[in-house]
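When the chains are written out, they are named A, B, C, D and E in that same order, and each has its own residue count from 1.
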Amino acid sequence: MSTTESFASEATGSPTTPVVHLENVGKSYGNIHALRGVSLSVRQGEITCVLGDNGAGKSTLIKIIAGLHDYTSGTMSVNGEQRHFSSPRESLDSGIATVYQDLALAPLMSVWRNFFLGNELTKGPFGVLDAARMKRIAQEELTKMGISIPNLEQPVGKLSGGQRQCVAIARAIHFGAKVLILDEPTAALGVNQSGVVLKYIVKARDAGIGVVFITHNPHHAYLVGNHFVILKLGRVALDTHRSDITLEQLTTEMAGGSELEALSHELRGFDPELVVGPEETTKPH
Amino acid sequence: MSTTESFASEATGSPTTPVVHLENVGKSYGNIHALRGVSLSVRQGEITCVLGDNGAGKSTLIKIIAGLHDYTSGTMSVNGEQRHFSSPRESLDSGIATVYQDLALAPLMSVWRNFFLGNELTKGPFGVLDAARMKRIAQEELTKMGISIPNLEQPVGKLSGGQRQCVAIARAIHFGAKVLILDEPTAALGVNQSGVVLKYIVKARDAGIGVVFITHNPHHAYLVGNHFVILKLGRVALDTHRSDITLEQLTTEMAGGSELEALSHELRGFDPELVVGPEETTKPH
Amino acid sequence: SDSGGKQEEQKADAGSGNVATTPRIKVALITHSKAGDTFWDIVRRGAEAAAQKDNIELQYSSDPDGAAQANLVQTAIDSKVDGIAVTLNKPDAMMPNVKKAIAAGIPVTVLNGGLDTWKQSGAIGYFGQDERIAGEATGDKLKQLGAKKVLCIVHEQGNVSLEARCQGIKNKFGVVENLNVDGADQPGTQATITSKLQQDKSVDYLVGLNAGVTLTAVQAAKDAGSSAKIGSFDMSKEMAKAVKDGTVQFAVDQQPYLQGYLAIDAIWLSKTNGNSIGGGEATLTGPSFVEKSNIEAVEKFAAAGTR
Amino acid sequence: MASTIAAPADADDRVSARSIGARLLSRPEIGSLVGAAVILVFFLVTAEPFRDLNNAGTILYQASLIGVMAVPVSLLMIGGEFDLSAGVAVTTGGLTAGIFAYQFSVNVWVGMAVALVLALAIGLFNGWLLMRTGLPSFLVTLGTFFILQGLNVAVTRLTSGAVASNSISDMDGFTSAKALFASEFKLGGLTIKIIVVWWTVFVAIAAWMLLRTKIGNWIFAVGGDAASARAVGVPVKKVKIGLFMTVGFFAWFTGMQLLFVQNGVVQSGEGVGKEFLYIIAAVVGGCLLTGGYGSVVGGAVGALIFGMVQLGVVYAGWNPDWFKAFLGAMLLLATIVNLVVKNKADAR
Amino acid sequence: MASTIAAPADADDRVSARSIGARLLSRPEIGSLVGAAVILVFFLVTAEPFRDLNNAGTILYQASLIGVMAVPVSLLMIGGEFDLSAGVAVTTGGLTAGIFAYQFSVNVWVGMAVALVLALAIGLFNGWLLMRTGLPSFLVTLGTFFILQGLNVAVTRLTSGAVASNSISDMDGFTSAKALFASEFKLGGLTIKIIVVWWTVFVAIAAWMLLRTKIGNWIFAVGGDAASARAVGVPVKKVKIGLFMTVGFFAWFTGMQLLFVQNGVVQSGEGVGKEFLYIIAAVVGGCLLTGGYGSVVGGAVGALIFGMVQLGVVYAGWNPDWFKAFLGAMLLLATIVNLVVKNKADAR
């Protein structure tokens, strides 16, 4: 089956009601209050970009939606119902698939086993694994993303960083039902692979899936995002629709404005023969 | 002491002789030939950008220079001498500092202990750790990079992905002597932090250090690079000086040209109200 | 169940006797036993019987490690007991603390091991057998039974008294080979003995150094298709049965019950009446041979777990 | 100085084909198989009775005594946990069946059922406590180890007045149960104990389950990276608790074998130290102590190596004082061969 | 529907201050300290002789028998490795000194020096083989364990004809050596064995080294992530081999204590199983089995807990049949208290 088909057949519900809605959500790790009073809506057929500095709390936020952590204040509702997920399984069963930044694959298991982990295909009355079919599908999905992994029996731990990331993304996209969460999926990816992932994100959106996309790259964000939320020190600093902001404004907001000024000023001071001019540094990255 | 000072005082040698020179280097992992016939020169006072798709062999290449793997064919000379590093210690002792993509920090150790691991500062006749000084320096260096880590006694495993990356970069920059190798240092970083890292790279270059910079972001590469090497399936596909290439050309080379065309074409097909127009997608990311 | 089970055997239970009217005292029994060992269980039972009769509060403790056993003696001193019964199988480790106890005015009796050293510790009595003499008696017995080659099965490698038994047999008999097995692992012991019998077909007599191992050896001989005959040290309920039906030829009994009983009783007698059992000499509780000819007399006590 | 080298062909040509041989060599158990072969040859040369095929039954029996428990212990280790209580749990199983049947004068099979429930409950307790507290399994099962060891002796003394359980060999159901757990049969000149057959069956089922079913996949995952496994929806707690209960089941089975092979009597002090032999078999067979890698067949081969060395020394008729030293040297030898083979396989 | 919320102040105000109490509570050993306190109170209430301060010497001595070796074993575990041969290496140390001095009729100190060299060599061998082969330390040291266990008995028998070494109590140098390793002195009503003093000294030195020196930093690093440590230039092999040799040194020291406290005689079969007690002490004291976390003080507290429970049961005069069950329950209790305290600390 193709990914687009599976998207189309599984997506339901109107695009205006939020599938996931967070209201004033807070989360503390011991004495560190990583999130405070965060509100966020994920709507079907929309891409919500969550942006922000390192340590701003983005991963914490999506781990709450993914059921990996529970929140300590506020409310979260999924499909209109208020929920406290006690495990990622519950989140998955509500149709939420996640690509994590730091957790993903069992390094000693082969690529195809990792791909289908938790969603194994079986055949026959004894629930025997349908290895051939799983290998074929995994190979197809990875090929579609444009990466070649020579041997699917290879343990994931031996892949390059980007290859690993691709496996995780391909898996989430393949199994994503209503909501797809991606935590810096393109960080380790090459230009090509990033392009493919962005294309997939758009495809998923068009199939009616709600997407949460975390990135540090304003270009990537602006290329696909419908809605932008910027976190700063655990609080929402900006929450705006695409139509209300330009790429330049978004970049400035992400960088916090003033710091960027200083940087371009500083870089300007260097030998122009070796370093690019100031006009390029103001539109960085 | 400030970083710039330490750079200036330690950098020696003329900028035209390569500090590290690889000639026809190859490396196999079992039956996978990750590198074949790669030649590369790292010169002091120059930034060499190594670019390429996921799995192209970039990390493998720099792990050879860093002494983590030995090469299986060809020759590598450091400071004019032919070398086979048997451990990273030897590479470090030759003045090469590295930020790895996948290896960096002991997750259960505190931030400041990780920062100084292998280069501990001691005082007194018994080699007692000078914890106060180490904490102060670590704090200073991290503050300079623009990230705030509330508690340096916190185990590194509890930091966010980007915070961890910053600690590793700050460490390498602080201890780098002649050659600084950075494997996708900005991948997990926010706009601000990326800017700071780029600034540091330029500073190091200007202090006479030879820098090897691996990245998937052509903007970052073009912003600071003097020399570009593109790897493809373990071979050198392009090796050129900055003056001979434009940002557009570099981007096209990195993406392999044709694939990018197809992508922008495909993205163009979607609802223009929601997705950006084609003029923006041709200059992606 | 129609057969067997607890109800069948309950009739065998015996009543308890009278209790002495002397003031209640506390006595520690400290051995080098591992937990769950049949032999030491019988020793303890003898000690408990004496304690019950003599109005003694018995504190039993054990540790197979020399230094730790010695420290148990110290613990008894700390607990201000009125007497200590102790095994001296590792005399060098035990001696300082035993002497300390005696110096603190606590009477000490020695049981089971320490025949050569108990006197020098200042203890008031010794109750046990001389392992070497027991071994030598066994050697004579084997000669008399017409054995040609004997396998001595050591269930705890490096245990002094077990080594002494095999050495004793060797002294009198000659053609003896030792086999080390793990006493805490019966099925493994069985396979090991089987393989030994398969390897050396000239073995025609097996001697186990405790009842459990000997009974395992019976199985092993069967497995190996060997016609070797079997002798044993020490008794148990099952051993009595085996001797009776002829699967085991003889058992060398050192009367562990007696060792425990006398070691405790000697302290009481010494405290209450100034007696000394053995009159300053060792009291030997063995070896005595249990064979088909005299099994009738021993059988029912073995069944009650006191022989 | 710019130079553009022609881009190589796009297809990934970096991977040279691996022969089937090389692929076979990369299985976790292969090293231990070679180690076992080396030791077999060694003893075939040095120990004459080893060459007698009829004695193979004895060696297999010795191996099965560790091997049966090595099956669940390997699974548990692949799942990332230890069970130090596995050795004494066997004794607990045997004792419970024996004591219960005797005390209540019921059919032996009833006692066995009670023992099974208890053994599973012990596994459940271990797994539950582990998951509930997040303590390392070393600690949790160490606690259970001591508790069971104590209870074995104490309860046996309390009920039978001695340190061994009362014999149940004359009770109803004994003969049928014994036939199932502790009988033997002839195969040519070879005497095969039934436990060896059971062992083979268990290894086959467990190996199939591990490699060919969903549960097997999950076992690898929870051992390799429990946090990631949980994140993709694997029921980590259930899998781990299930593994501990599997150990419980096998402890019961082995306990029954112990009970019936010893004529219905179990010594309460037995089993201590056995847990390490099971772990040794699993590790020698290629299971990773840290979890996520290994095989059931490897664990079986590990048990076989151990059994061969134990009896080989006896068959060779060497001075028994040196037995342990030989055993150690052989173990090192087997594992180093294991390693060399694995390195060779990786390099192809 | 766009809404721009005012950006919060730039300073990181998310961290609420932690009290010194909370910070203290996050030390690795704190849990075991609380566990020890709970057990102390428990026995103070239930066992009358426990309350007599003069008996503290006995408890400390019992704890030191495990505690001294728990020092290097904790370090080794923090460095990410095990040593299963640690228990029998102690016996090997004692035997070597005794046998060498006796056989060659040399001064006791010469025998001790030979034993020291041997003990260090054993550590070196373990570490070297581990680093050379990359095998898990469980396997390598298991091999050494069996080899030493066998050699202890075999060589002793070969030289002395018995299973214990010949006494060297009447030889030159015995008295002075005994004073160093196995004497005792009075402190008020308290009799303190000198090994307790040594233990305290060792714990202090090792704890200082671990927390305040470069080597300590490296030990944490090689245990936490050996590959990363190597990448930043930590000499991983040297550190690990050094740790194994430290275990060797302490095994020698403990062996000397054994030799001199037993009047110059060592039983060749002793020491088996002790290695696990050391590991237990370290783990109960908060060392992570997987390495990279723990403390020497914690290991000492673990040994103290073990010693208190062992003797507490005797002092309380309980039926020894139940001893192991008590011990297990106490261990679980101590570690669960440990855990609760740590969770509380993290939540502050």
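Simple rule for what comes next: a residue touches a chain if its C-beta (ideal position, glycine included) is under 8 Å from a C-beta of that chain, and two chains touch if they have at least 3 such contacts.
Remember, it's a predicted structure, so these values are computed and weren't measured experimentally.
Student: Please give the intersection of the contact partners of chain A with those of chain E.
Tutor: Touching chain A as well as chain E, we find B, D.
Student: My parser should flag the chain pair with the most contacts; which pair should that be?
Tutor: Contact tally peaks for the chain pair A-B.
Student: With centres defined as the mean C-alpha position, give me the chain B-chain E separation in Å.
Tutor: 43
Student: I'd like to verify one number: the distance from the centre of chain B to the centre of chain D, where each centre is the average of its C-alpha atoms, in whole angstrom.
Tutor: 47
Student: As a quick test, compute the distance in whole Å between the mean CA positions of chain A and chain B.
Tutor: Chain A and chain B have C-alpha centres separated by 25 Å.
Student: Show the residues in chain E shared as contacts by 2 or more other chains, in ascending order.
Tutor: Residue numbers touching two or more other chains: 12, 14-15, 153, 288, 319, 321, 323-324.
Student: Among the residues of chain B, which are close enough to touch at least two other chains?
Tutor: Within chain B, the residues that touch at least two other chains are 32, 148, 150, 256.
Student: Would you give the residues of chain C that are in contact with at least 2 other chains, written as numbers and ranges?
Tutor: In chain C, residues 35, 157 touch at least two other chains, as defined above.
Student: For chain E, which residues are in contact with chain B within the complex?
Tutor: Residue list for chain E touching chain B: 12, 14-15, 23, 212-214, 216-218, 220-221, 224-225, 227-235, 288, 292-293.
Student: Can you check the complex and tell me which residues of chain D touch chain C?
Tutor: It comes out as residues 47-49, 52, 55, 58-59, 61-62, 65, 101-107, 149-150, 152-153, 156-157, 161-164, 166-172, 191, 257-258, 261-263, 265, 267-274, 307, 310-311, 314-317, 320-321, 323-324.
Student: Okay, in this complex, where on chain C does chain D touch?
Tutor: Interface residues on the chain C side: 1-9, 34-38, 41, 154, 157, 178-180, 184-188, 190-192, 194-196, 198-200, 212, 216, 219, 223-224, 236-238, 305.
Student: Taking the complex as given, what residues does chain D use to touch chain E?
Tutor: Residue positions touching the partner: 129, 133-136, 138-140, 142-151, 153-154, 157-158, 273, 279-280, 283-284, 288-290, 319, 321-329, 331-332, 335-336, 339.
Student: Going by the contact rule at the top, pick out the chain B residues touching chain E in the complex.
Tutor: 66, 68, 87-89, 92-93, 98, 100, 103-109, 113, 116-120, 122, 126-129, 131, 148, 150-151, 153, 171
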